[in-house]
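Starting off with a structure, shown below.
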Amino acid sequence: MVDFSIEPSALNSSRTASGLPTAQPVDYKITARNVSVFYGEKQALFSVGIDIPDRSVTAFIGPSGCGKSTFLRCFNRMNDTIASARVKGEILVQGKNIYGPDVDPVQVRARVGMVFQKPNPFPKTIFENVAYGPRIHGLAKSKSDLEEIVVKSLQRAGLFNEVKDRLDGEGTGLSGGQQQRLCIARAIAVSPEVILMDEPCSALDPIATAKIEELIDELRENYCIVIVTHNMQQAARVSQRTAFFHLGYLVEEDTTDQIFMNPKDKRTQDYITGRFG
Amino acid sequence: MVDFSIEPSALNSSRTASGLPTAQPVDYKITARNVSVFYGEKQALFSVGIDIPDRSVTAFIGPSGCGKSTFLRCFNRMNDTIASARVKGEILVQGKNIYGPDVDPVQVRARVGMVFQKPNPFPKTIFENVAYGPRIHGLAKSKSDLEEIVVKSLQRAGLFNEVKDRLDGEGTGLSGGQQQRLCIARAIAVSPEVILMDEPCSALDPIATAKIEELIDELRENYCIVIVTHNMQQAARVSQRTAFFHLGYLVEEDTTDQIFMNPKDKRTQDYITGRFG
Amino acid sequence: MSLSALLFCLLLAAIVAFVTGFWRAKRLSPDNPRAVHSRPGYHGGYLALWTALPAILVLLVWSAVEPRFIQAEVESNLPAQVLEGSEGQIGLAMGVVRSVATGLERLTPAEVAAAKASPKEAQRLFESKGVVIATPPAAAVIASAEELNNIRHLSRLAKTAVAAFLAIFGFIFAFRKLSPNLRARNRVEQVVILALMAASSVAIMTTVGIVLSVLFESIAFFKHVSIIDFLTGTIWDPRFASAGDAGGQGQFGLLPLMWGTLYISIVALVVAVPIGLLAAIYMSEYAHPKVRATVKPALEMLAGIPTIVYGFFAVVTVGPFLNFVGSEIGLVIQPTSVLTAGIVMGIMIIPFVSSLSDDIISAIPNALREGSYGLGATQSETIKRVILPAALPGIVGAILLAASRAIGETMIVVLAAGIAANLTLNPAESVTTITVKIVSQLTGDLEFNTPQTLVAFALGFTLFILTLGLNVYALYIVRKYREQYE
Amino acid sequence: MSAVAQDPSMSDSDAAETVGRFDNPALMRRRRREEVRFQAYGLIAIALGMSFLVILFGTIIRDGWTAFFQTSIELPIKFDAAEIDPEGTRNANTLAQANYQKLANQALYGQLGVDPSSRAQRQAANALISRDVDSQLRAMVAADPKIIGTTQNVWVLASGNVDAFAKGKIDRQLPQQNRQISDQQISWIDKLTASGAMEKSFNSGLFTNTASSQPETAGLAVALLGSFYIMLIVVLLSVPLGVAAAIYLEEFAPRNRITDIIEVNINNLAAVPSIVFGLLGLAVFINFAGLPRSASLVGGLVLTLRTLPTVIIATRASITAVPPSIREAALGVGASKVQSVFHHVLPLSLPGIITGTIIGLVQAIGETAPLLMIGMVAFVVDVPSSPLDPATALPVQIYMWATEAERGFVEKTAGATIVLLGILAVMNILAMVLRKRYERKW
Amino acid sequence: RDQVKIAGSSTVFPYAKIVAENFAKANAGLKAPVVESGGSGAGLKQFCDGVGEDKIDIANSSRRIKKGEQETCTKNGVADVVEVKFGYDGIVFASDVKGAAFAYEAKDWFNALAPEIVVDGKLVANPNKTWKEVNAAFPGWEIVAYIPGEKHGTREVFEEKVLVAGCKATGADKLIAEKLKAAGTAEDKLHGATEKACAKVRKDDGGKHAIDIDGDYTETLARLQANKESIGVFGLAFYENNTDKLRVATVGGVTPSVETISAGKYPVSRPLFFYVKKAHVGVIPGLKEYSEFFVSDKMIGEDGPLAQYGLVPLPEAEAKAVREIVKDLKPLAPLS
């Protein structure tokens, strides 16, 4: 029998220790209740509810088309930009319903940052890429302020050392992994409370992937992170909690250890053992 | 510890039994020697050599960008269509070097069929999609001949029953999995000796994937099949031999059992246990 | 203040308002920028818009209606004998008054006195200031001119006052609204989107304008000639129709013109489509990117050459050449013929076919090409059997565009097609087109208030409908094509 | 099975004859030949297209390059005080009224040895120089009255016919009565040429002179300025309006019936014959709005409407080409839709917008038909000082010159066309440079 | 407005240009008029659009204003219109300079271009295909004539002075009148209808015998050079500027020239006009001055630039009368 076991280092036990015990009440950063999403006539998500704790990484896994991205994009009202999409239900970020009547989605997005599947730096300089967010939100009082923010964000994204000599080089000139870290830096720069990542490594090579995973691990100390991934190993490596989606339903959600070692649902088990997907 | 073990059914032991014993000399369908590929200045493949047996499935696995597709596309000189690509070394198909001086790549491609990652049926009717190859190669003496070829190919691809009433419907109107099977039927219709498949299931849902895997298993009885996959479980399920690539090098190649249960190289082991990728 | 000065002041006011809003917003919550909904710039913009926009709108409306009011006022005081005249004569008198008024404003007070004393002197003085008038101005005219100047001054004062009031009021109103919760950004952006929307309505208004500007004259034409006769008539001989001959109505027959238009367009397409399409195929599938990068724009130049140049090219070079070729092979090819016009027009529309088709062919996903190569097809087989069928709807769209361009082309056919309205199948003979007749019926020696000239508008309308139909069809095809790939 | 009879491109004989495996050499040979032939078709098409271009440019340049040169004659002109200013007052009015042409004619008689008593000889000689010499000499005197009483060597323009003759556009071999230049005049011209008193030089007047009824003094100044005003108006109006409309339609407008109608409408406007725009301009801008006829303002407005659809279509296309990931990225850091458009999408679509604008401008600058309708086919002597003044435009000037009877205008027509094509080329190159400059990769 | 605005006939355009140009040189304070060329009909249309600063002052016309046009003028308040006839335009027939010589009579043209001609005392469909069949003295060229299109004033002159005259000369008019009468045309309309019928041009053989030219004489010239065995109709001025390319034909034995036309020997000519809007005189600076300058001997006289260009000058008496009219601004009486 082939052994696909994941070694202790992959599911870092120290992390699991510092992770959040399931039973104990925690301060949830995001709470979703009865979220259903429709694309035109077609329902893509069926009454999903979830609680997502702060300062930890929550992974969404599931086969292609199961609605992971759709659900993730509800958290910063990114679905608003798709004309046919309709969202029902409520999502509380820090206790406030972001789908409430007088909420400005633009402000929601400033608080809930997002990193996309394909690195999408602006075709501007590296500096401008990171400075863009702080600029439009007026987060810097002065030039030196702005520089500080940019440098700090790049440092946090683990990119600063690699690019410090060419901050005015084109962001699109970086390698894929660097671009993705630049996008993370860009997201961090507006000091969001939550960072959403939709398959951030799927376009990257293994080395770049490893770097991003390391970064996620560090960021977890300050942010609430939600990550979508196709790669179960990745979910196991970086997340503390995992939610498994299937055909638009949230099948199971628990600590990552639980999901991978002791899935309750047959579908979850089939999926993580590679029976499908 | 998370258990990623693959159950017996996935690595079907009966198949393994009917597979090819490694030590024993077999009739190799394809033999590659010292194949290096360059894209412009950049070398993507470094002196790779491999022997691929007939009537079996060989899987190429490895992290993204490691050169799997590049190598696969050497087998039918598909790389010729990329202006910047240069191939060195020799590849023998049925003992004849397809990179020899007076070999017509067009003829090579008729003998070595290919199925792509994204199903790419022509925007023609289902019938015309399958009839296209036989027509250009003049394989049918008459109309009824052609019909026979088309029907047989569709049957072999396990699609006939689903589409027999709408052979003159658009090929693009089928579902993703059906489209991929249509592409397989199209490839079979010119009676190739080898079928190359580059991640044939990566755009498909689990059910369609299962169907294709089943189909591959059946086709193996008549063809030499080479399949690239990202999905180790899939490699384990469908292939008899597996080759692991890393950064442009062929790291290890052996029976699938060997590779998954007893990898010789540290990198192979790291990869299949999910340490990276 | 004059309108431009006022607008300039409003601009200044807007800048001031902007700066004020900007600073005010900065103070709203100096420590936590996040507590303020919008950035200071948007607060500034909000304030500036409120300050300047209402005033500018009112000013523009005012300026549009003002002349009529002033005119009416001054007119009412013109001498009685002028007022008895027609509207046009009053208008002329007003023109003189306006000139004199302009002249008076340029004079010094002493000169004004001199001008009032002697009309001759007035004319001389005005001329020395660059205002030429035809005759020495009568006293009444000078009086009216002075009145005009007075009213203008008054109006200007009032305008200034209103603008100032609106600006100040708007400023105060908006300023009091500034607060951390004010969604200044959304407000400003709403105005921006409104402005964008207004811009896109220009296209609609143009169409309405076109329809209106040809509709009434067309209706007038159809009072003379029945619409059925016009649409179904096979004889175009408008001149003799006016004689009141029996059956004269039938002589405004559209069909020969329509046939000529379509025939020439077809010849043009016969030239342009194979050349353009094959060139596009070669450029997108075979040619080195560098070749493509030079050939494509070079061919595009063909579409940029003014059509009048093509027209002369047709008459001076192509027509005689075809005629010569014809006589060598024993054919009579008239120098102006369907062939001449069609070929030259075909050359002109080559780039419409080649560039658009090139774009469309390049947009065909590579997966299809690979699919075909993978089956052992050669490149030309792939192109002919896979790429072209897949690109066909898009190519048809491009061809339709080229066709509508050919149908509407004027200068080439005016020079190269001929003017005899023939219903002929022989491409060596000359035919005429709708556009030729529009030009010739409008610029000729014909009496202007007769159906002969009015018909030009009916023809314009027909042409408009024709191209509209083609475009709707093209859009339908392109839509269908889009769906296929999505 | 009904689907069988479908692919007509492959004849059945083809299939029947060559059944077999892929190594059927006959079939393979045919397929390869087919491949070569097909490529050849493409090459031929491109060669045809390019040769049309070359022929067009070739003919125009062949006919027109001489328009850039002008024949002049050097005459020792005696500024006779008795003739110019008999009373010696140096009054400006008197100086202006003097008969300068006579001075030039007399100088010419002296130069050529013409018998002043023979009317026929006099007339033949007079016809050698331009009627415009008058103004030239008047201007000289006005600038410097001190030359009165002196004799100056002055280069004066030759008449249009002499110019045409000197450039070989009038055939020496023709019988005399069929020529505009008599044998006598030819002998004079030869004499002048031999003595170096007749030369061709660069014709700057082509660019600085305004309309004239004589070919030698006709120039493009009014047309160039008119076209410049028209272009200015078109750029100033159609670019902002077009880009704004495109942004609205592409980014903000809901997708529904109305926007469908707008889209059809815009596509249709791009194809509406330009002459119909002329009718529109006449009805709306001149008859309704009361703008002056023949003014470049009206021309500019009409051509703005003509260009607008092109700009909108090109802009929309380049906006669509900006990948959605850029928009998402901007929205993702909390930019509003408007911000994402103006900060990112618009700058990225700049190359496409530039291309579209230039294509539109290139079309507009060559447009003749609508200008026929709004009174720009006119004889305008005064240089327009504003877009409200009467003016012509380059293509219209070409059109007018093309219908002139005098021989000299034939080369003028082609010369003006070269100027127009030169402007087009410059605009195209500009587009290319700008596009390069703003092109971004993503 | 400090500038005279003129629109109208393209035939008059070159003359108006020369006058406008010289006018500006001669009058320092006044601007050169702006002259538009858009055809007589288009010019008169604008002219009759009304009075006012935004309306033109002068319409050039290569034909007399029509009754209906005058009525429109009056209706629109353009009551007083001064008609100024300033010269004649000769119309000549010419072929390629190397071609054959033609000596036409009006009947030759009728026999060449009419749809029906008289053969043996009967009206029959025109059988003539070549000029030789029309007149044995002519070469055997196929009949191909480029005649002015119907939009041109020249066409009317051609019809009236050539075709109708030829119709009468061959006696076809009587036969046509009989035919029309038989078809039920009223007696009072008979004359007009006959003339109209006489003026018709054949359209057989795909219309290749008589080809309308809507463009200018340059276009006719280009056609002629493309088809050397053809005849074109030109203005005298145009011919005189292109004697190296054209060979002119005589009509009635008379060679067209300024002299023969002004002496009344050459039959095919027509008067040229411009119309002045009286209401604008005294309002638009330079209007009266321009009109007077135009008809001055310096311009339209025998040695003037217009004659040099090709205008057939008015006989002295007519010129004098015209100068009177312009001086007194005598309006045109309503046409009947």
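Which chain is which? They are A, B, C, D and E, in the order written, and residues in each are numbered from 1.
In the analysis below, contacts are C-beta pairs under 8 Å (C-beta built on N, C-alpha and C of every residue); 3 or more make two chains touch, one makes a residue touch a chain.
Here the structure is a predicted model, which is why all the values come from computation and not from measurement.
The chains touching chain B as well as chain D are A, C. Listed here as common contacts of chain B and chain C: A, D. Greatest centre-to-centre distance from chain B is found for E, with centres as Cα means. Central chain by Cα centroid: C, whose mean Cα position is closest to the mean of all protein Cα atoms. As a whole-number value, the distance joining the C-alpha centres of chain C and chain E reads 35 Å. With centres taken as mean Cα positions, chain D sits 20 Å from chain C.
Each chain gets one centre point, the mean of its Cα atoms, and the points for chain A and chain E are 85 Å apart.
Between the CA-based centres of chain A and chain D the separation comes to 59 Å, rounded to the whole angstrom. Each of the following residues of chain D touches two or more other chains: 7, 22, 31-32, 336-337, 372, 402.
The multi-chain contact residues of chain A, meaning those touching 2 or more other chains, are 106-107, 136-137. Among all residues of chain C, those that touch two or more other chains are 185-186, 316, 376, 378, 381, 385, 439, 442-443.
Working note: touching chain pairs come out as A-B, A-C, A-D, B-C, B-D, C-D, C-E, D-E. Against chain D, the residues of chain B that register as touching in their complex are 104, 106-107, 110-111, 125-128, 131, 135-143, 146-147, 167-168, 190. Listing the residues of chain C that touch chain D in their complex gives 185-186, 189, 192-193, 195-197, 199-200, 202-204, 206-207, 209-210, 212-214, 274-279, 281-283, 285-287, 295, 297-310, 312-313, 316-317, 347, 350, 354, 376, 378-381, 383-385, 401, 404-405, 407-411, 435, 438-439, 442-443, 457, 460, 463-464, 467-468, 470-472, 474-475.
Of all residues in chain D, only 254-255, 323, 325-337, 339, 343-344, 348, 440-442 touch chain A in the complex they form.
Those residues of chain B lying in contact with chain C across their complex are 76, 78, 81, 106-111, 113-116, 118, 120-124, 132-133, 136-137, 172, 183, 186-187, 190.
The touching residues of chain C, when paired with chain E in their complex, are 86-89, 91-93, 95-96, 127, 131-135, 238-240, 243, 245-246, 315-316, 319-320, 323, 332, 334-336, 414-415, 418-420, 422, 424, 426, 429-430, 436, 439-450, 453.
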